[in-house]
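Alright, structures below, take your time with them.
Paired with subunit B in one complex and with subunit C in the other, subunit A is shared by the two complexes that follow.
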Partner chain A sequence: MTARLDRRQTLNVIAAAALFTAYRPRPVLAAPPDLRIPDLYGARMAFSDQAKALTGKEITLAGFMAPPLKPDVKFFVLTRMPMAICPFCDSTADWPRDIVLIKTRDDIDWVYFNVPIKVTGVLELGTEVDDETGFVSEVRLVKAEARTL
Partner chain B sequence: MTFTLKLAAGAAAAALLAGSAYAADKATLTQSADPYFAEGQATLKRVMEQKTNTGKAKNIILFVGDGMSLPTVTAARIFEGQKNGMGDKAETNLLSFEKFPYSALSETYTSDGMIADSAPTAAAMMTGIKSPNGTIGVTSAVKQGDCKAGLEHSVPTMLEMAETAGLSTGVITTARLTHATPAATYAHTAHRDWEADKNLPDDAAAAGCKDIARQLIESPYGNGLEVAMGGGRTNFIPATMDDPEDAGKKGVRKDGRDLTAEWVKKAPNSAYVWNKKEFDAIDVSKTDHLLGLFNRSHMEYEADIANDKAGEPDLAAMTTKSIELLSKNPKGFFLMVEAGRIDHAHHEGNAYRALEDTVELSQAVKAAMAKVNLDETLIIVTADHSHTFSISGYADRGTNILGLATEGGKVLKGDDDKPYTILGYMNGPGAAKDGARADLTNVDTTAPDFLQQSLIPMSSETHAGDDVGIFAVGPWAHLFQGTVGQQYIFHVMDYASKISEQAASM
Partner chain C sequence: MFNPLPLVRAHLKQSPVSSLALAALIALAAALGVAVSAQDRALRAGSAAAARPFDIVVGAPGSETQLVLSTVFLQPASLELMPAGLLARLATDERVKFAAPIGFGDSWHGHSIVGTSADFIASLAGTLPEGRMFGHIGEAVVGARVPLQVGEHFLPTHGQFASAEAEAVALGNDDHDGDGHDADDHDHEHEDGEPAGEEHHHHAEVNIVGRLAPTGGPWDQAILVPIEATWWVHGLPVGHPLDAAATDIDHPDPDGIPVGPPWDEKLLSGVPAIVVKPVSFSAAYGLRADYRSAESIAVFPAEVLVQLYGLLGNVRDILAGLSIMTQALVIGAVLVAVLALTVRRRRTFGVLRAMGATRAYIFSLIWCEVALLVAGGALAGLGLGYGAAAGLSRLVSGKTDMAMTVSLGLPELSLAGIIILVGLILATVPAFLIYREPVTRALRD
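The block that comes next holds the complex of A and B.
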């Protein structure tokens, strides 16, 4: 299914002109594995074998950047589908289950929520409650860098 | 022309005599050998043979496809036909409820809005009056958020009167059970967002307003609802209580009450279930009151149901079990079934999930028809409001409904020289915020996660103001004709069942 997202690279080409300042060209070594969020899950939202095997390793995930919970933070939520708000949820606690918390190295240049992006970072699995925000995450990419396609 | 005269004479005769006498002297037309002509004749015959049922509606089932606009129905019909391999015949497919004998158009404006939200629209069906956007089970004297006015101008609902009259009652939904549409059966509130006590402003709580979840459990009519199933578990359990399905998550109630436990204690033979295994294990012969809360918030989309952590029943399964339980009452029952997430998928600009959920609603209606006697059961299928969803371009028959508009094998293009999909939205998340729309030439628009393009960039696609359909079968279903105010649905249900009369005599 990776091919599908790749074909979506054409989406919002114009909006993609806004590149992240955080983006730095990476050295051309072995490229980290390129995944989609559903690849991280097996049956009934359990982590997939692939996800478990890649824990602690650098991977690239495709998805979309949800708008900031607040400005000037170094984290954001990566969503499988474009999701500006959760129009049918009553609080941030009701985000879809398959979101990924992205903790970035540098400040984030926010892009519109339906612009396809790719994020490279180190995969962490398991429940973590953020001390500052109380945000509960199950999957994280840390030391991450994001880029538009 | 003799031809015209003959037809005119025939028409006059038909007006005076039975329709069958007219059929005998019909002209033979050049096009009469055409299969479409035969189809038209078959439809004519079917409609002429329809017999109105003026018996009492012992049972009423009201299906509401939240946001199920007429284009949604049409697209879902084609979508289902294509899934079933009908190819270029898919356009001739009909959803289960489209085969109902009677239909009408429902005007969805509210007492203060040209375009509605789901609260007053469901309330119109439940109470027989239009009311302001954002409110449930109150009159138009109430401003959204005015707790005191809401308490003073609350009006009884069809479900409450059915309870009072001794019928069994139920409400099931794929959205939160406290969401606007299901809430309209049992709750009265000046603000649809007061789903749990944590959502109640202090002044509203002080003035005596109760949150929606609490109103469900404390419903004072009859012996309380027999069936209530859907999502929205967090609104029923305390903020200190762990959620059974999602580790690390808790309820939201501030008052510390576990309403699920209160439901079980309230009446004998009551049960609470929160996953498919428990749901499947319920023996309706031993259960009189069933509460099901299958997700913290809304239940899954039909397309994602296999991914649910603990597993949950689909709408058809919930409908079947509900009818089995409610049918135990010889006096009859009232049931509302909401396909609550057609609306959510549209808000997300995602046609695929909206259509899958619409097809599931069709399945639920089919399941209901297999469980009831249609001679004594009035079934109504409608929507609360429309969406900005449209089916456009000049696509050939048999073109993938989720695909690009193509004609004669050629992809059709806009003046920007880019292809476009058959399905699209006037506004929503699929729009480019700045600059030109995306080129879909190499995009798989049939993928489940694809968002259809839209014109105006909005984080959430909006409702629309066009009429929605009412489809009906059973006693007095023939009262659905023409273009009617949405609240008329209540008036037919009440006339057919005499529920308000029965309730008043108790």
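The block that comes next holds the complex of A and C.
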């Protein structure tokens, strides 16, 4: 009798341990509002009212991952259009003022420039100097997570 | 229930060779996985750190990978020169914090002599812990691991040039006074004559005036001179107007020529690479787009590195897959061996049962033994894998001059954890097969 209980207990403990390591708690939230990068801007590259209202809140932005500026970092740049690699296009005329700096929670899985992605994170507006690179950014999504569509 | 551990210990002591051999098998299999994963991370971290001071690299049209390898890792390669005006255009672009020319080509005993500007050196290694920045042509600062002292002087060889010049370098090193000997030495060199076929003025001696803080990258092995010096020894325009002393036909003296920006666009010469520090994220991407044209390419070293990481990642995944299969095979083999060894001990277990040991006791006895072997093996494997990765890193560091720090992180610890967990679960198999055996049958054999 003792033996049976013992084995079962052992197995239970092992199973519980396995489950515990596999489980990562994840808070359930209402879906954040879905935006595109042009929605953040009003006239003359000023921030839109919608963007101002959503500052400090979690939003989802669609766009494309720009080529990596630094390897092994937790940020990347989100662009409205894929960074031109087509030699016949000249789409860089008004590019790349409207970019968003994405600071991710986890390490980045780099995807190719022309794969559409969605990023969810907390919107920050205003000039900020990045500690690591010394670069200035205007719009950021922080604590962000990216996924390919 | 009684404590099975004394008997476990007694048995492991009784057959140390087979126990150690089984644990060693597991250790080796675990070490393979740990080493692959730790090494991969060390290589990424090392190369990312080496590339940190290089935000954008601009070069002549050609291979982006070659440009990055040559600039960031100082791998020798023949790069084309860019049109001369490009440097001045970049240096005055309002999106640029600084644009520093990088001129390779010359070397001293395998140490690259790189022409550049003080801006880049400051961003590469911060302030100089020893000596000062170069002030004119004929002065150099050295990387942290260059075996030349401040105050010494040396004679650059062009590329991998003749040994006659190498001897002259040795002679030069004996002279430690390090000041006020320039003119004399110049004349001396002229009398000795240059090696036949030498067209350029590569005879100019260079004084070491400063040493950089260690960066952990390949540039620790480099000797840095003003870019004007690189142009000067090749008889090219140096980006600044020349004074009377510099244009003297018999003994041209370049000491009066200023070094560093601003350069006169009309007097500039071409360079193989320019390192650009942009002011903002959008400037970085704007510059990258604008300077990809018929006359230049602009690339973030990270682009090339991430591609390399992708390749490395594939190799790592294959190796990791192989190592997981190895681990599965080894754990399986160990279990079979344990089973075979345990069957030979049936009599012992029979006697234990006859003496009143419960089945649970026999079960826990066998389980503990196998668990100890697996856990001990996996932990030893962690250490062994760490050692292997550290050894491999030292080898790669020696070849690339890239500092690599191997560490055991979550992936390696969880790998060992999984091996232990699987071992603990599978250890129930022999325990289960043996503990049910009736006492009578065990004792009969």
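Everything below uses one rule, namely that the second predicted complex is superposed on the first by the 108 of 149 C-alpha atoms of A that agree within 3 Å, B and C clash if a C-alpha of one lies under 4 Å from a C-alpha of the other, contacts with A are read in each partner's own complex, and residues count from 1 in each chain.
Heads up, the rule we're going with is that a contact is a pair of C-beta atoms (placed from the backbone, for glycine too) under 8 Å apart; a residue touches a chain by one contact, two chains touch by 3 or more.
A quick note: this is a predicted structure, and the numbers were derived from the prediction, not measured.
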Touched partner set for A:Tyr41, first subunit B, second subunit C, both or neither: first
Subunit B versus subunit C as contact partner of A:Leu101, first or second or both or neither: second
Partner chain(s) touched by A:Asn114 [first = subunit B, second = subunit C, both, neither]: first
Touched partner set for A:Met83, first subunit B, second subunit C, both or neither: both
Subunit B versus subunit C as contact partner of A:Lys70, first or second or both or neither: second
First (subunit B), second (subunit C), both or neither touched by A:Gln50: neither
Partner chain in contact with A:Val136 - subunit B first, subunit C second, else both or neither: both
Footprint overlap on subunit A, comparing subunit B with subunit C: 7, 10-11, 14, 17, 83-84, 97, 136
Footprint of subunit A on subunit C - complex, ascending: 1, 44-45, 47-48, 51-52, 55, 97, 277-286, 288-290, 300-303, 305-306, 309-310, 358-360, 363-364, 414, 421, 424-425, 428, 435
Subunit B residues within the subunit A interface of the complex: 175, 193, 195, 199, 234, 246-249, 252, 296-298, 306-311, 341, 344, 347-350, 429-436, 438-444, 447, 449, 451, 457, 459-460
Residue ranges of subunit A in contact with subunit C within the complex: 2-3, 6-7, 10-11, 14, 17-18, 21, 66-73, 77, 79, 83-84, 92, 95-97, 99, 101, 110, 130, 133-138
Of all residues in subunit A, those that touch subunit B in their complex: 1, 4, 7-8, 10-15, 17, 41, 43-45, 80-85, 87-91, 93-94, 97, 112-114, 127, 129, 136
